[in-house]
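So the structure is just underneath, and the comments pick up after that.
Residue numbering begins at 1 within each chain, and the chains themselves are lettered A, B, C and D in the order written.
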Amino acid sequence: MLEQLKEEVFKANLELVKHNLVIFTWGNVSAIDRESGLVVIKPSGVEYDVMKASDMVVVDLDGNVVDGNLKPSSDTPTHIELYKAFPEIGGVVHTHSTYATAWAHAGCDIPILGTTQADYFYGDIPCTRDMTAEEIAGAYEKETGTVIVDSFKDKNPMHVPGVIVKNHAPFSWGKDAHDAVHNSVVIEQVAKMNFVALQVNPEATMNKHLTEKHFNRKHGANAYYGQG
Amino acid sequence: MLEQLKEEVFKANLELVKHNLVIFTWGNVSAIDRESGLVVIKPSGVEYDVMKASDMVVVDLDGNVVDGNLKPSSDTPTHIELYKAFPEIGGVVHTHSTYATAWAHAGCDIPILGTTQADYFYGDIPCTRDMTAEEIAGAYEKETGTVIVDSFKDKNPMHVPGVIVKNHAPFSWGKDAHDAVHNSVVIEQVAKMNFVALQVNPEATMNKHLTEKHFNRKHGANAYYGQG
Amino acid sequence: MLEQLKEEVFKANLELVKHNLVIFTWGNVSAIDRESGLVVIKPSGVEYDVMKASDMVVVDLDGNVVDGNLKPSSDTPTHIELYKAFPEIGGVVHTHSTYATAWAHAGCDIPILGTTQADYFYGDIPCTRDMTAEEIAGAYEKETGTVIVDSFKDKNPMHVPGVIVKNHAPFSWGKDAHDAVHNSVVIEQVAKMNFVALQVNPEATMNKHLTEKHFNRKHGANAYYGQG
Amino acid sequence: MLEQLKEEVFKANLELVKHNLVIFTWGNVSAIDRESGLVVIKPSGVEYDVMKASDMVVVDLDGNVVDGNLKPSSDTPTHIELYKAFPEIGGVVHTHSTYATAWAHAGCDIPILGTTQADYFYGDIPCTRDMTAEEIAGAYEKETGTVIVDSFKDKNPMHVPGVIVKNHAPFSWGKDAHDAVHNSVVIEQVAKMNFVALQVNPEATMNKHLTEKHFNRKHGANAYYGQG
């Protein structure tokens, strides 16, 4: 079932290792098949160096396992909430990458200060609000998805393809699993650069025109970056 | 004598190298066989790349060498104090890993600011009190164990499996040597993330409910992380 | 056409990878053949690990492609402005290297604080002024070259072989592509060292005599560094 | 001539690369044969990956080349001053390692805050005074040695085996070339750890008793660390 998507999700999980975004099993990638509404996701707590494509788990949008011998990632309900709320996305990534997670500990939006970020994000990378005691005690992983979605009431998730969950870590997404991993690399890199930048100059800001130029250079009808 | 435990301790010492936690010979791992009360530990000052499993030294809980041709780690008396005071632990690790040691230089507890820490530590990672002139001049390595134990009067060492020794470096422990190494990786990673987080936002804090949720998700009767 | 220069530019692009100055396709190197006035440059958005020397694109100083099957780097007009304004340079490099880009986010000149910088730069590494809304909306990549050139009205570009483009990232140059890469490594390294230095001592400065000594030790008529 | 010492110096130079202390040719190691008063040193500006043991240059204590086809390191007069002033040392190392050089840019002593430093340094790692315009314009590299020696009027160079040259970079030494490299690794590591420590707690200090205990544990008549 969904063998090709399992292969893609498996490979995207290994890309996290290649880009130094994960320690131990602290990360997971999923992708959705929009026709069937089924999600392929990494199994929970399995080490990357023994993981196989066939270990990927298939769940439906109610979180029921429909294929696979292992338990899906404990973060599966978060991924599902994102797929439900953001119909254009095809892949989701969660990591505890060092600098992005540090911003989550800080509880701050990553401000847009450079064109590296503007090439992928149309503005700041938001940090979610605090979760309530009820949300934490209840369906915690599902509610983690809810607070993420709350942060995007006034944002296009395809224009801001990632978020910092407060006191937790980043989530990113994209048109597919590979693209979502790409955005998780961008978040980690800008998290590091902006930590340094704000130490050098706490008053740093960026011109809005530059954000628009760079975002539109790579995205939308008049994009002219790359060979496409 | 205790050949399998020697192999485990040897492998756990090499894991320190793999996780970039040691420079030169600045680290050591031990494990205890609770039935016989014997501790297997790395020899003192031996380079990791020439070390063999058969170089591991066996000592009793009075610090007497009962097997092995080399001198045990000079930190052996610290390990022994921990095994005596914390009956549930099976392995102990000491490193001078960069960021955790920096917190030891700073002389500060590593505050809990994120779920990465809460997955393993039920709260802050404590920094020990200053050692007295008498403790330093006396049985220094044994007294290093004493000040660690002093920090755990009101803490369950299985819920807070590590500590920062002030002006020195981290110690960690766990159910076995491998688990203790795992916790030393966690300490180093949160030490780095919280250094960055507190530069970004010196007022950062974390909701107590989140600590409870994450700790209990991985530990205790209702744990649901992983394949277990 | 210009096969040897293509080979040089190709190799210089791979040096960026070797020196950890690029993630994904975020960097490009070019070189100019001053006799013909033709520039060889990396194609746009092509991954370094599949790129071949024959993928290099040849453009004239009006930006017209005169050889090659791929689109040239979207930053080509910036490179061209530099070749036009600085007749002594033979190669240009652009990266989004971590620390230099952080200084671009900060919007600050990298002050000269040590002899590492003085060995290559006769003073601070300047940060460009803000671009105007018109410059950004217009021929943006060409205007990026214009603001760089504006920063060198009172500077010899061979004595200060690089710049930080505000809210963007560094550009460097040199007598050829290899030399320009060398200078991009220097910029990244001093960007990192000065970030740390200014955290340790925000009042740090350097004696002007030391700058002169080191710069002249490696450059000019009385240079005595190396085997030359 | 001095073939074994050339081999030792060659290998020690490569250790700098292995420990990530050098970029390009920014570092050099020498050793002295005290009987003949001859110094073996790395040639100037030669890349580490093409360097051979036979490229090492032999100079006398007046700086005259007595063996070798290449020019010695431009820092040779600094090494010679150290050999003349500190009769117990057998090897000298100079690098531009990242964090130690950042402290040189900051112009600050590296304060002793932890036992990692105390295991090798009996106190702070001093930063030299400013050089005068005359010293810089005159025999600059020799005078660099002079200002280093000035910093050790009240210090035993075998108890404080390294220094930060203000606005330049670290020098270290030891009983031989290998030992001097070891100390250069220690300087870089404590420079990094203390940068972090002082960001976390600008008021950090260390108990003098701890310095004495750790230094004496590894050095002097009653040392008990290692297998010796």
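Following the convention adopted for this analysis, a contact is a pair of C-beta atoms (placed from the backbone, for glycine too) under 8 Å apart; a residue touches a chain by one contact, two chains touch by 3 or more.
Predicted model, so just to flag it, every value in this text is computed and none were measured.
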### Distance-maximising chain from chain A - centres being C-alpha averages
D
### Message
So the centre of each chain is just the mean of its C-alpha atoms; given that, what is the distance between chain A and chain D in Å?
### Response
46
### Averaged-CA centre spacing for the pair chain B and chain A, given as whole angstrom
33
### Summary
Within chain A, the set of residues that touch 2 or more other chains is 195, 198-199
### Query
Which of the chains are touching one another, listed as pairs?
A-B, A-C, B-D, C-D
### Query
Touching chain A in the complex: which residues of chain B?
113-116, 182, 185, 189, 192-201, 204, 206-207, 209-210, 213, 217, 224-228
### Query
Which bits of chain A are touching chain B when the two form their complex?
23-24, 26, 43-46, 70-71, 74, 96, 98-99, 101-108, 130-131, 133, 136-137, 140, 167-169, 195, 198-199
